[in-house]
Amino acid sequence: MDTSVSPATQTTDTPSAPEAPKVRARKVNVFYGNKQALFDVNLDISDRSVTSFIGPSGCGKSTFLRCINRMNDTIDICRVEGDIHLDGKDIYARDVDPVILRASVGMVFQKPNPFPKSIFDNVAYGPRIHGLASNPEELSEIVETSLRRAGLWTEVADRLDEPGTGLSGGQQQRLVIARAIAVRPEVILMDEPCSALDPIATARIEELIDDLRNNYCIIMVTHSMAQAARVSQHTAFFHLGKLVEAGPTEQIFTNPNDKRTQDYITGRFG
Amino acid sequence: MQNFLPIAMAALVVITLLAWFNGRTKAVASAGVHPSSLHSLPGYSGTYLAIWSVLPAFILLALFGLFGDLLLNLQMRQSLPANIRALPVEQVELFMRNARALAFGGTASETSATLLDTAKTYASLSRTSNFAVIGAVILLTIGGFLFARGRIGKNFRARNHVEAVIFGVLVVCSGIAILTTLGIVLSLLTESLRFFSEINALDFLFGLKWSPQTAMRADQVGQSGSFGAVPLFAGTFLITFIAMVVAAPVGLYSAIYLSEYAKPATRRIVKPILEILAGVPTVVYGFFALLTIGPFIRQAAEAVGLSAQTQSALSAGLVMGIMIIPFVSSLSDDVINAVPQALRDGSYAMGATQAETVRNVVFPAALPGIMGALLLAISRAIGETMIVVMAAGQSANLTANPLEPVTTVTVQIVTLLTGDQEFDSAKTLSAFALGLVLFIITLVLNIISLRVVRKYRERYD
Amino acid sequence: MTEPAKSLSTRALIAASLPRRYRAEQRFRLYGRAAILLAISALALLLFSVGSQGFSTFSIYHFNLPLQLDARLIDPKNTADPKVIAKGRYRKLIQKALSDAFPKVHSRSDKRALYALSTGLNSVSLRNQVVNNPDLIGSEIRYTAPLSDDLDLYLKGKITPRKFYKGTGALKASATNKNTLELTGKPGAFDTLIQHIRQKRLVRAERLEDRAEKLLERLKEARKEVAEVQQVEVNRLKILAADIRQKAKNNTIHLDKNDPSVLINFNQGFIKAAELSDHQITGLALLAPTRLEPSQNWRSLILDSPERARRVTDQQAAWAETLLARGHLKRSFNSIFFTHADSREPELAGIAGAMVGSILTLMATMLAAVPIGILAAIYLEEFAPRNRLTDFIEVNINNLAAVPSIIFGLLGLAVFLNIFHMPRSAPIVGGLVLALMTLPVIIIASRAAIKAVPPSIREAALGIGASKTQTVFDHVLPLAAPGILTGTIIGLARALGETAPLLMIGMVAFIADIPKSLTSPATAMPVQIYLWASSSERSWESRTAAAIIILLLLMIVLNLTAVFLRHKFERRW
């Protein structure tokens, strides 16, 4: 079988992941109704680094990403099998509440989706529903910290009351990142975060991602191989619902083990 | 005129068919041995000929049918004897009515020599105009036929001409919507202006006493009639308020549950059931209020020591609320479904529960649309007639107590205009003034809500 | 690094908030369910209250009485002239047939009560029967007219429950004076009856005490003078209640005007009890028994609502029961309801007139609104240039769709009736008014259907050289037809249920004939329902409900047709 490569062993071998993996997936299968979207995915993802998922459209990389914070639960016909562990704990175990899980595994989507509220309320949304701030000052502090981390504070500090939907696309995406940071997650999932943005905004987001890597485990789906090469330390290549190959970004792009990976990164298909 | 109509119809059909075949034959003949050398298909030539033979005559007939009587009346009025013309308007009206009755068969309330004379002129004038029109119709038919037939030929662009006529018909048809609105506005305005020439508009809009009985004779006491519409507005408002108190939460929560929580199977069953609720005729709701809800409210109120009647604002409001539930729920359902999934995903990804997502993200996002839907529902409630006619009562009470009977604008329009009365009395005209107020209020509500809903749709499309 | 520690405390905070949040979630979900349940149960209650009222109307009690067509009363001189026959005294014949059934009724007031079992209007149908078939004169026929509506309601148990109790043991009767009988049974034979009366009396006493209690409570807040007056009333109520309680205990009970009626059916007679003990009843013979010999064959009938509170007297009830027992009354399908127009007498009223009126009106609506609506939709969707005027028309149509229906009625009154002098109450006018009302609905639905046809169809047709008009009429319109049809049917169904505009143009008159043309006076089904619902007599209530059932069935058929068409021809592009 051509999936005989064991990504698990490969990632543990890499020097940049000496500690236990943050996220650990074993034999993950995903079905939409009768259609299988993912086949036996095994993958380890390390903390405080950026991991990119690449692959042609419909290869299952977004599906896998959405498994990590159980967003697939919101789709009725979707069924997930196999184990995904976060810090050694099975996130699909019966006693795990997706609400808590999603608070520690934040997500940023392809299209910026600020809520139709003020900038302040957008960032304060998470802390409010989870009851993270005990008084207004604390809440303001959380909002400010999050916006600073997302690199948006200087641009919006004087107009926190204005609607978040009035910002530019790149600003909106950073607002959404700030919104995710505000609940102090450990992992941030990003589903093609720059695909709807212009090059300048993309550059800013990439900078931000590189910045955030120091504190969070970041997992990113991207269409752009250049972006994966620029910002990520690890890369996983998906094809037709299977994980073909995973490893340090440098190795995947310069010396892939699998023929299909080679074909994809050299532009033969995709 | 009675058996004239079927004969005219039959003639019309026959002429149309004859003209069509004739036109077609002529076109084919003109092409000679090469049928394909014709500019248009021969059928178009037939249609062209048929249109020219029938349409002008038909339009003349239709105009005569609509305005003939009117012109005749005008003509008659001009030729009335001077002493009659000097009479007050109502008496002239009565004289004309009697003359018409004598001329065309009917029961006249009196007869006199002048009346018989007028009737005779009336009848002869009517006969003359009838013959004139019939003659004109025949001339138009023949003229149209000959004119069109002369034009048909090998290179004649019959199709383009027919299509131009079709285009004209299409334009006229879509103009009818405007004509309707114009008709509504004009008829309400003219009658209302006549009303306001007798009754001060301010007294009407701000007066507190409504008792539209006007004196039949001058010596009657206490029948002066007062037209203060505030009790009607208050009653309308009270019932609308009760209806919205029922319909807004129930409709909204149903819409939210159906669009956010319910399984597809549940949706498939529940939505048509709610639609049935919307399809039930309002008169049935009125009967329901009268038969079931009204007595129930009376008994319930008596059980707790309050006095209530079978007809009350509460019973009408409750039932109207039930009627409006599906209206609110289906409009809100559309609006809620238009909220992009990305917003919901964003909220779920933050770890929000479903209720938190709906309350804090979906609902605020849908709010403008929902407001539009509620405004439409209010306009519907204000204009609803049968439920209030049957369940709210007729007495013009100025009260905020929902257990008392109240009356509404629509109820008064119905009460004022059903039964026999003089068309020109202030009592009857006041119905049109009420109609004008009703039309303006609902129009404003509709325009605002339609605009809000449309803006909202554009935002997320 | 402080991040992990912070993160852990975050998790703890979130976990702590979870129970509260999930309770809120449950509550929210509950509100949604409750809302839907409320809406559905409102519909269920509506359908149930209409259905339970209406279904009893579909069958009514008819006479099945021998009637002598006495030539002396119809055509005494044997002229065989239809004009003479038409003037016969048919009402008298019906009255004779009833008298023959109860020959012992003599007094004028009793006779009037007896004749009330059949409405006088029934003579019309009898006359028509004879006029159409003069050979019947002199023979005996079966009189099959409907029973008077009050008696019909009585027999259906809608006035007061008709409870029969089978008697135990033999009963002996003896006449005390002319019309009074004394019935004696074995001890305890009438125990059930006595218990029943006693219980009813106790309930009455309780109700009085309740009222006294409530008055007393309000008394505390009342002013002094008012309180004094009310105190008197309270005392009166209390004494009354005590009296009733006392009388309920007696061994022999004298039935008063507030008690239920107790009728004993003995040897085919009916005795109305006036005085009653556990083994003896004295009372008036409403119908004399055939024999006075002791007999096992007896039963008692209790009518809970006291005689003065209902429209059917005990005497009439006894007659109706006797006719029923003899087979002279039969319950059967109420064909009158489906074949007659409106009538002043509930038992002769039907919805056929209103139904024909509705059909004629709807025909006029359809003829006017459907072609105009579809053509307007075609213009707006396919031909109209995008400019101010088109926008205005569009806004106009959307607004017209939301204008209250009664406004269209005012328009009809002012324009069609007062300017164009069209006939009042005519289906053609009603149809035109409803057409103006339905037009926006049809236009909007047709536009949606036309818009749903993909542009590729138009491009294909234009591409092979068809003109714009040909493209639209030959290619687009056939594909949009199912959608247009569905929208049109739904619009017409709404027009069928519309009442208010028709009231404005006088279709609310009492019309006792089935309309024959678009210009003859008519009424429509919803208006008929409104008219009947406003009548106060009880029997109109069930007829109203029955008419509603028919109207709803018609609307359901129309809507199901629309749904069926949509499913059958629905196409997704």
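The letters A, B and C name the chains in turn, as written, and every chain counts its residues from 1.
Following the convention adopted for this analysis, contacts are C-beta pairs under 8 Å (C-beta built on N, C-alpha and C of every residue); 3 or more make two chains touch, one makes a residue touch a chain.
Please read these numbers as outputs of a predicted model, since none were measured by experiment.
Overall, the chain located most centrally, as judged by its C-alpha mean against the mean of all protein C-alpha atoms, is B.
Two chain pairs are in question, B-C and A-C; the one with more C-beta pairs in contact is B-C. Chain A and chain B have Cα centroids separated by 58 Å. Mean C-alpha positions place chain B and chain C at a centre distance of 28 Å.
Centroids of chain A and chain C (each the mean of its C-alpha atoms) stand 66 Å apart. Annotation for chain B: residues 351, 353, 356 touch two or more other chains.
In chain A, the positions touching at least two other chains are 99-100, 103, 129-130, 183. The set of chain C residues that touch two or more partner chains comprises 14, 21. Residues 14, 21-22, 24-25, 27-29, 31-36, 38-40, 42-43, 45-46, 49-50, 53, 214, 217-218, 371-373, 375-376, 378-380, 383-384, 392-393, 395-400, 402-408, 410-411, 413-415, 418-421, 436, 439-440, 443, 467-469, 493-494, 496-500, 503-504, 506, 508, 526-527, 529-530, 533-534, 541, 544-545, 548, 551-552, 555, 559 of chain C are the ones that touch chain B when the two sit in their complex. Here chain C touches chain A in the complex through residues 3-4, 6-7, 10-11, 13-18, 21, going by the rule given at the top. By the touch criterion given at the top, residues 69, 71, 74, 76, 98-103, 106-107, 109, 111, 113-117, 125-126, 129-130, 176, 179-180, 183, 189 of chain A touch chain B in their complex.
Those residues of chain A that touch chain C in the complex are listed here as 97, 99-100, 103-104, 129-132, 183-186, 215. On chain B, the positions that touch chain A within their shared complex are 263, 340, 342-353, 356, 360-361, 364-365.
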